[in-house]
Amino acid sequence: GGGERKSTPRRGGGIRVATQAASTADTLDPAKGALATDYTRHFMLYNGLTCIEDESLVPRPSLAKSFESADRITWHFELQRGVRFHDGSELTAQDVVFSLLRHKDPAVGSKMATIAAQFADVRSDGRYGVTIRLTGANADLPTILAQSHFLVVRAGQNAPDGNGTGAFRLAEFQPGVRTVVVRNEEYWIPGRPHLERVELIAIPDEVSRVNALLSGDIQLCNAVNPRSTRRIEADPRYATMATPSALFTDLIMRQDQLPTGNPDFVQAVKLMIDRPLIKRALFRNYATIANDQPIAPFQRYFNPDLPQTVLDLDKARWHVQRAGLTGVRMPIFAATAAEGSVDMASIMQEYGSKVGLNFAVNRVPADGYWSTHWMRHPMTFGNCNPRPTADLIFSLFFDSKADWNESGWKNERFDRLLIEARGEADEARRGELYGEMQRIVHDKCGVAIPVFINLLDGHDRRLKGLRPVPLGAFMGYRFAEYAWWED
Amino acid sequence: MNAPAVEVSGLVIDVARPDGTRKAIVEDVSFAIPKGEVLALIGESGSGKTTIALSMMGYSRFGARISAECIRVGDMRIDRMAENELPTIRGRRISYIAQSAAAAFNPSRPIMAQVIEPLLVHRLADRRTAEAKAIEIFRSLALPSPETIGQRYPHQVSGGQLQRLMAAMALITDPELVILDEPTTALDVTTQVEVLHTFKSAIAASGATAIYVSHDLAVVAQVADRIVVLKNGRTSEEGTAEQILEAPSSDYTKSLLAAAHPAVRPSADASEDNVLTVSAIRAGYGRIVDGQPAIPVLSNVGFTLKRGATIGVIGESGSGKSTLARVIAGLLPAAGGEVQLDGDVLPADMADRSREQLRRIQMVFQNADTALNPAHTVGEILSRPLAFYHGLKGAAAAARVAELLDIIQLPRGLETRRSTELSGGQKQRINLARALAAEPDVLLCDEVTSALDTVVGAAILDLIDELRRKLGIATVFISHDISTVKAFCDKMLVLYSGTAVELSRQAEFAGAIRHPYTRLLVDSVPDMDRSWLTHRAAVERAAMPGASLRNAAGEALCRFLPRCPAAIAGTCDAVPAPLRESAGQAILCHHTLADLSSAASAEIR
Amino acid sequence: MSGKLTSFLRGLPVSGRIGLALVVFWLVVALVGPWLAPYSVGAFVDQDVFSGISSQFWLGSDYLGRDVLSRVLWGSRYTVFLALGAAMIAVCIGTSFALLAAIRGGWTDEVISRAMDTFISIPSKIFALVLVAAFGSSLSLLLVIAAATYVPGNFRIARALAMNLVALDFVQVARARGEGSVHIALREVLPNMIHPLLADTGLRFVFVVLLLSGLSFLGLGVQPPHADLGSLVRENISGITEGALAIIVPALAIATLTVGANLLIDALKPGGKA
Amino acid sequence: MVGGLMSAPAETPSSMAKLAPLIIKRVLSSLLTLFLVSLVIFTVSGLLPGDAAQEVLGQSATPEQVAALRHEMGLDRPAHLRYVTWLGGIVRGDPGMSYVANMPVSQIISDRLPNSLTLAGITAVISTVLALIIGISSAINRGGRLDSALNVTTLSLVAMPEFLIATLGVLIFSVKLLWLPSIAMVTPEAGWSAMLRSMALPVFSLTCVVVAQMARMTRAAVADQLDRPYVEMARLKGVPFSRIVLFHVMPNAVGPVVNAMALSLSYLMGGAIIVETIFNFPGLASLMVNAVTSRDMPLLQSCAMIFCATYLALMLVADIVAILANPRLRA
């Protein structure tokens, strides 16, 4: 980990940071951000109304110096005064309204279009006030707005060009090659940032990425393979930072197709997953054993009373036999797009043969995986990034009507609980509701979640001030604002 | 009185066999050459001539090892020289003229650079003086435009010129010993005479001692003072030229001498009907536009051939002999004229000919090496036409193959061998047998003996002669070797540059009336007479070099005009030559037949 | 037959014999290897990963704790047979087109040559990526890609050979006899190309082995848990600094296979003995 | 480079005039080939699942968004119309807009093409020189110890998957020795030396990949010429061996050697994908892979055309060199 030894922030230094993917699709438009590179870039250039700064995941004010809501439907945000964009113009409510409403325009191609559908109305309320009215109660709006997609751009900029209020100014941007930013001298938060210059590149090949770190060509990288940690830690100049996160790769069994729709089949599959093996072999223990539901033990609202599903081949075989599926041949679609899925599929195949299921691994290319394979076949793998709230993960992936209801299951009770929890003001009650929902998913849903995967960043030990934020690599992609360089 | 310029004794050259033992390819050869004389090494192919000649330079091919009691050239003991000393004498004091100048010249460097290279690498002169000297030698070798010929590339000069240029390269350092390895074998007879002559005078002028390698006794007779006859790497006979040529003591030398004078074969009793009629053929290569090929070769060539008869086609290289054969076989569709077989007009393109028509005309290709598929066994090669034309399969085919092998006098065991495992003579027999397997009416033989030793070639000729008499096959016999054709054929067709300048029956051809070109050809064949070359050299004189081949009206003139020693100014270069005909002879010339008889032509000269 | 074999062996130089031995060794491994494999190819048998030689795991274990020996035995089967199959297909197709182009000449030749240029100029790995993206990864597709990649190369060589042969007299003899194109192609021309073609097949074989390993780098290849030798190297590459056997063994396998094939080819070439 | 070894005299204008028809014919047939390539690429890429709109929007796309983007990109028009538009653009010299990057294709390519050309160029020079040295030395030592040693070396190089060579190179030269950067950082502001340093490892890897084959071809071509009678003739003239090789053999071997080299070198542009990936080199091959994965047709097509054109140009150069070196063809 980062700051064991006490060190105080100091100004200066430039670093090069590598993520695992970049392409010509790299963008300066926060709404379109799709990869770690984009998120990191956007957080350097822009600010959001709110932000999440630490592992507590509590949303804090950012461009909004305060926010409030009585009914969790209508929200009022009061903006900071005197915040200036890089081009010198002042931030006003206009900009915020523009930035939020863009997401509802299909032509923009926002990744948050479905979330933004909740915005019934976004209005400016004076020069420095913004009022958002939602279609239904949502206590998590401040958390939602802390995501990179909702970062604020200048009003009228249909194709944002990096002109934000952020801690860094854009110096160079070559899609698929690199982004260079330099310190914004007039940043509205005094004393920040510390680094003079950040160069953001992508090294898709993991071995190359780690080699680049070890040869001093980069100072920080994400997506380190658990198998490489030994190499990095062996060198006293480098360290890894593990961020426990709710990232998971799940095996999807479509409920609207056979035989995956058969509850016995689902049960059998959940019973034949050797979770310790996956944790140990695939992730070198940089993972947390999961229990077929998406809330990780270290997250709020985690339900510790659910019994842990463990490997039980006899029971699995019994379920297979009961379903009359012994000897059935099933392809499992996997791609590197879903981290670890190919190896998981191999494990499934190995154990499947022990319970009478004949799985065939069908590795397909990563590109086109989400549009052509994911959720399209009876058995595919999905991959779900950490979400800041339980509501988000449940409503995006488990609600019957959700676009990404991966297994296509339908559970009215679950749907009802979801709405209820979203508007619930009482924390204890809310916890109960989420606990109940976890049980339903664990028992009934057609997804098997073997483990939660830790995020692994590798960094030069001279880079200080890093600490894990479970939302993503690089302190939830926001390291640039906090980190400093100590020679 | 003086010690000989070159002295060799106890020369042994051996090569390592795969099993490690050594095999001698030259054994115990000794000779001596007095200064300024020419020694000829003669013998059949593979007898070790080249190997011996090269050992004079301390050089051996394919890792052969040279050992000798003594190899002395002038004051140099070649056998005692160290490996790094040898290059200093090669090309400087001993030089070499290879058999094929076309191969020995580097195709991608200008001639001059190569000719003066010996001077430059031995630092005998600077580039300027070297070039001046080269031009001097070019002039003395009677090369055309000596100042500029050096700027050309090897492919831009004729074979004869190239051979002379190589002589220039060899002589430029004024060597003590010149080695000539069959320097005229690859040349036409007419060119051979020129080259022989220049070589002889050049060597004489330089005063160098020479070793002349050849397998042709008649050629050797013209240049050599002494002769060593080799057989299988051993000296068979050695002596002065007169002695060997006039009173040979070994049987081998006698057989060589005999082969140089082929016996005249009696004409077959040909039947009356023409089996093959070729009339007014016009043909060439490239795309045919308006009945005229892009590269015209043959113009208006025709003849008739009776069953069982033989027509000889002669002419120098490039005169269109093979082209004629290809036209008859249909391999090259003629642009004009027609070929009739038994009175039926054959389609020009073989693709349009019926299988039966194809069967009845068979061609025996010049080069047996490339005409036999190396991937097939003799049996396969011979049985394919049997199956293809006669539907013979299995035992019947095998029996017929055996029969064919008997006919061509080869052992039956040969069937399972591939052509690569046969000698040159054997290959040519198989080539012939394949044609016979089709049971043809007409056999086209394209220089079937040119690549063979005289002795072996003579045997093949005997075979063909016997076959045509036995089976009544009509033969078109193509050759550039006029003595063979003269002895062998009932009719002669003389081609010059694609035109038939003369068509004669054997009797008339042997007579005195000849086209000037035919006369040139006949006269160019060397005689055993040692003074032949000296006399012959006076004859070679062209009347109108560089004359145009078309007159003002655009009519084609006699193509031989630029080289014709008997050309009539004002007639030959103005009017197309008329065809002079008599019984059994047709000649394309302005002179009357009477004028062309040898007595009369002596006057014309 | 056996006489021929011994004389063939005797004719080979030492390097050729080494090559032959290596090639035969890998062919045998590819044929019988999977039956000798101590574990199933996907079995997670070792608690540790990248472990060294032990009595239990003769060649150690891989990045997931699977038995390297078993995986290499299986992997060589994929590599050898895929490469062999692809090389043969490429040579068959390339040579057929070459014969057609050489014998027909003219427009046929021009069209085929242009088409081949088209294929040769598209980078093969990218072409493979596109095809795999379009049709999904399968053994047969891999075979097709590898074959298609090397068809044009073989075509160029075979065409040059055939052009030389077609000009030779024995082909003219066959034409003058009235033989059809098929006979000329198959009986007259082809047998004389066999030797250089065999050498070329060998060379293509080597190229395909390397192409497959390149494709495995791009994530295209045999479906897991199976893996060809290249994929084995690739998937274990993170063990490279530890000198893991899991990476050395398959890399060595590729090297010996390709070097062996090359040595054999060189020895077969006429003049290679010199 | 190769031309430097030719001892053929300076070109006369007449030989240039002889080359003109050849070049015209080749350019015409190249245009045909380029057209075929574009057709093949277009057809094959038409078989790809998904399209640029879907890829851009990714996992989270809603159908309305996809439809809107498709319309904006013009993907809702029939394929042949898109092809014709694109082809028309190319003919006018404008490869159009990238679907994905919101930039003209020409700009994206012009950012990367110099990188690829530099990499390929440096590698070509180094590997050609190496291949010539290795090939010629082993040819003149045929059967000798040096020949065997070089043979084994080139064979071992051939036998190594290129990603392994590259990875080992990085481990040794950047991670262990810290001599060279492990990733190629080709930035405009970097100086020449930084540029060369960061290219060193990619060049090294690519050289290893192509040099072996080229050296082997050179050896074969030179060895073939060494058996010719004119070499024997030159030796019999007393010409030193080194001079024979340089002035007699090379001009004749140049034709086949250059042809083999052109084939190998054409690999350096499009085939460098693995090296580009490992060294994170911003070249055209990875751009094209990018275009495949993002279904960016205009970009994909243009990259393919560049690779094809490179190949054809190299072949043309090889033919021209062969002709210039061979007076028989020149005339």
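General observations
Note that the chains take the letters A, B, C and D in the order they are written out, and that residue 1 is the start of every chain.
Convention: a contact is a pair of C-beta atoms (placed from the backbone, for glycine too) under 8 Å apart; a residue touches a chain by one contact, two chains touch by 3 or more.
A quick map from chain label to UniProt name: B = Peptide/nickel transport system ATP-binding protein; C, D = Peptide/nickel transport system permease protein.
Bear in mind the structure is a predicted one, so any value in this text is a computation, not a measurement.
Counted as hops between touching chains, the shortest connection from chain A to chain B is 2. Interface comparison, B-D versus B-C: the pair with the greater number of contacting C-beta pairs is B-D. Centre-to-centre spacing of chain B and chain C amounts to 49 Å, using the average Cα coordinate of each chain. With centres taken as mean Cα positions, chain D sits 23 Å from chain C.
If you average the CA atoms of chain A and of chain D, the two centres end up 41 Å from each other. Within chain A, residues 207, 365-368 each touch two or more of the remaining chains. The set of chain D residues that touch two or more partner chains comprises 48-49, 167, 171, 175, 277, 292-293.
Multi-chain contact residues of chain B, defined as those touching 2 or more other chains: none present. Chain pairs that touch one another: A-C, A-D, B-C, B-D, C-D.
Considering their complex, residues 168-170, 172-173, 175-179, 188, 191-192, 194 of chain C touch chain B. Listing the residues of chain C that touch chain D in their complex gives 15, 110, 114-115, 117-127, 129-131, 133-135, 153, 206, 210, 213-214, 217-218, 230, 233-234, 237, 240-241, 251, 254-259, 262-263, 266, 271, 274. Taken in their complex, chain A has these residues touching chain C: 206-207, 225, 227-228, 230-231, 274, 277, 280-282, 284, 334, 336, 342-343, 345-347, 349-350, 360-368.
Chain A makes touch with chain D in their complex at residues 18, 23-27, 32, 34, 106-107, 109-114, 159, 174-178, 201-205, 207-208, 211-212, 214-218, 365-368, 370-372, 374, 403-404.
Of all residues in chain D, those touching chain A in their complex are 48-50, 54-62, 64-65, 67-69, 72, 98, 100-103, 108, 111, 167, 170-171, 174-175, 178, 181-183, 185, 187, 277-280, 282, 287, 290-296, 299.
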